[in-house]
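Take a look at the structures listed below.
Each of the next two complexes has subunit A plus one other chain: subunit B in the first, subunit C in the second.
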Partner chain A sequence: MNVALALLWKDLLCEWRSRDRLVAMIVFSILVVVVFQFAWPAAPKEQTEALAPGVLWVIYLFAALLGLGRTFTLELENDALTALALAPGTRGFIFLGKAAASFVLIAAVQAMTAFVFALFFRLDWLDAAGGLALVVALADVAIVSVGTLFSAMSARSRFREVLLPVLLIPSLIPVLASAVRATAATLGGEALTLAALQPLVVIAGIYAILGFLLFDPVLDE
Partner chain B sequence: MSRLRLAGTGVAKRFGRVAALAGIDFEIEPGESVAILGANGAGKSTWLRILAGLAKPSDGRFVAELAEGSARTALSREQLRGRVGYVGHATLLSGELTARENLVFAARLHGRRPSRAEQDALLAELGLAELADRRVSTLSRGTAQRVSIARGVVHEPDVLLLDEPFTGLDEVAAARLSRQLSRLRARGCSLVVITHDPQRAVELADRALLLHRGRLRGATRRSEGEAFGAPALRDALVRLAREDEANAEAGAGRGAGERDGAGRERDTNGDRGERAGTPERGA
Partner chain C sequence: MTTRATMGSDAKPGAALPGAVALLGWILALLAPIYAWTVWKAPLDDVQGVMQKILYVHPPLAYGAYLGFVVTAIAGGLFLWRGRERDDLLAIAAAEVGTIFCTLMLVTGPIWARGAWGPGNWWVWDARLTLTLLLWFVYLAYLLLRSFTEGDERAARFASIYGIVGVVLIPLNYWIIDLVGGRAQHPENIERGSLGPGMGLPFVVGNLTLFFAFAYLLLLRWHTAIEEAGRVNGEEPKDAA
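Entry: the complex of A and B
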């Protein structure tokens, strides 16, 4: 667990200094909200509320893709990836540290995006903020788990910019579908039931366990 | 004092159809310092990465053991990685972190938390005390390489593996690095160093191994006198290069690494362990 915590500390410190991924994800998310504002003018409030969960998750997904794509490219500088591969013990803890750092960054961008989205489209999401945060957190566990694994797999490939979305998007379709349904329910004022969250819990659990177990050979040569 | 013994029998590594190592036998005893010399593409880095637990051999048997008296305990690859330090061509450092932060991070990856005094002592030993809180991205190549060595030894490894650590350094920086490595060796840390420079090999190692086209082609020890000198090692390297040129001119593709009609590598002379330089003893 020391390895995971060390990596979390290192990644967040590096990000704080470079703001490399954070700026890219924030600018992208806000730009897409602005584009939707112009592409989707003066729609009735009911229509906006109905489409908002889907639109929000499309923004979340592509912003996450942008951030996850750089998770391991940073480690290619000075071949720092080799230093990680040299850590003794189970490499699953490297996966955990990397995934946790991505989770923090992506969640921060998503919170800001939700705020800007609600502001632009005059939606009152304050009462649903807790439920939305829970849904987003569960979906993010799945996204960063599979994203970290695929990002590591594609990091040394010449085609990494193409490879990551090709691998990641299909595997996130079940996450996206469940997250949109749960988000619609919570924004619609429904109480979040275990049944609504169950698919996300199961997928997040499976992806996190797979990521932990499969990470070792990914860093092997 | 190092207690780690590394040994291999018929160790081979293939990348697709390319054989980087064609089956080598070796032993590196606890406390011993070894230099690996060879031309580009000889398989030196691949060998070092197997020794570091970064790569698995495609064939053959590689064993890492902790020697305690007559008892020997085999280590898994996960355990081996905790016992070796590795310094590559690249510095393996995070540019956004300072020299000190890189050390702390490397130590934490190995489950250690060096005190501030321990960090200061290590940084001072490598002449980095003044630069400890500078970001690595702002340091010169030579200084970053010293930070890289500090990173490689911060967890007090039994063996320090160095892959061409002098690459890109000017004479002054290289000489300084050589002195610092000699000091580490004097403290009981084994060194396995890859270098193109026979002079550096002689300075740092007790034994030199010549690797050529994935095969061990010679070895010499300090006790062999002139055979271990830089001129003799240089001559052996030149002889191997000439042998390649002669093979290329002959056009028949004799020797290791020859490809058949289907582009596969085939072994025509079965010369595993053939000695082209001085006789191999104990390698």
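Entry: the complex of A and C
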């Protein structure tokens, strides 16, 4: 567990000092919001509200892909990944540390994006902020779980920028489908029921277990 | 392919494999004409006409596609556990044959849909169709991962992991897509007695033939891969059956 905490701290500290991934993801997300402003049909407010959850999650998905693609780039320098693999203890905890750091980073970018999105499209999301945060947090657990696992694989492959989305998107379809549904319910003013969150809880649980267990052979060399 | 040696040279062709390939080949050669004959002789459907005969091809292809994925995942799991190259070669073979079956299923489905549901209706976002399309993408991603990863041992390890995640995705995706409201436009699975008179035999023969076609292609591909690996590892190739 100490390995996980140490890695989380290391990753967040590196990110805080360079702010590379954070800045790139935020700029990218806001740019896509702007792109949608131009791609969006001039529609009445109800239609905008109906489209918003789906569009928001498309932006979240692509921003997450951007960030996850660079999860292990720092470790590739000076062969730090080998040193990481030699760390004592279960390698699943290395996975947990890396995934937790990505979670913090992605969640920060998503909060920022939601704020800008609501501002630009004149949507009032303040009342639903708590529910939205819960939905996003659950979906993020699923996204960073498979994302960290596949990122560790694609980082050491050719065409890694292309490979990660190809590997990741099919496994994120169930996350996206249930997250959009739960987000639409929350933003529509419905109270979040356990039934609405159940798919996300199940997927997040399965993906986190898979990531924890399957990370060990990824680091074998 | 030079890094293959790092995996050890356990990929020796067993004596049983060429025999099994030959046996399956003969069974398939016997079944194929019977299959063609029964489909030709099967009565025409009153409503759908000749289009209904896709039924004798499409569902059996689906079983092959799913079976391929399950074999890929099991063989991948065995490779991660035992580290034997043979298991990994079986996983690739199953993924390749599965991709072919999945592609053919995705091609035959819309042809039937266009005929049955009317012009323009090539595709609906029904749970089963969506799942199959995603499965096809997972297969492609699996094959891309193999070709983009440097080092055969590493490619085998990564692909095994992806294969296991992929097989978990099948029930998960089906559940979620169904939940989110995929319209169930795809016909239900054939139930006992729901086929018209004279249609049961070609359906059963079709399933049998395509199952043997799957098994034959799988073992043939596996055997070829083992032979190739043996050659790369510097062993004398043994004669096939």
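Definition applied: the second predicted complex is superposed on the first by the 219 of 221 C-alpha atoms of A that agree within 3 Å, B and C clash if a C-alpha of one lies under 4 Å from a C-alpha of the other, contacts with A are read in each partner's own complex, and residues count from 1 in each chain.
Here is the rule we use: contacts are C-beta pairs under 8 Å (C-beta built on N, C-alpha and C of every residue); 3 or more make two chains touch, one makes a residue touch a chain.
Computed from a prediction, not measured in an experiment: that's the story for all the values here.
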{"item": "Subunit B versus subunit C as contact partner of A:19, first or second or both or neither", "value": "neither"}
{"item": "Which of subunit B and subunit C A:220 touches, first, second, both or neither", "value": "both"}
{"item": "Touching partner for A:153 - first (subunit B), second (subunit C), both, neither", "value": "second"}
{"item": "Touching partner for A:174 - first (subunit B), second (subunit C), both, neither", "value": "second"}
{"item": "Partner chain(s) touched by A:45 [first = subunit B, second = subunit C, both, neither]", "value": "neither"}
{"item": "Subunit A residues contacted in one complex by subunit B, in the other by subunit C", "value": "220-221"}
{"item": "Subunit A-facing residues of subunit C, complex", "value": "80, 134, 137-138, 140-141, 144-145, 148-150, 154, 157-158, 160-162, 164-166, 168-169, 172-173, 175-177, 179-180"}
{"item": "Subunit B residues within the subunit A interface of the complex", "value": "49, 52-56, 78-84, 86, 88-97, 101, 105-106, 108-111, 135-136, 144, 151"}
{"item": "Sites on subunit A touched by subunit C in the complex", "value": "146, 149-150, 153-154, 156-160, 163, 166-167, 169-171, 173-174, 177-178, 181, 199, 202-203, 206, 210, 214, 217-218, 220-221"}
{"item": "Partner subunit B, residues of subunit A touching it in the complex", "value": "2-3, 5-7, 9-10, 13-14, 17-18, 74, 77-80, 82-90, 220-221"}
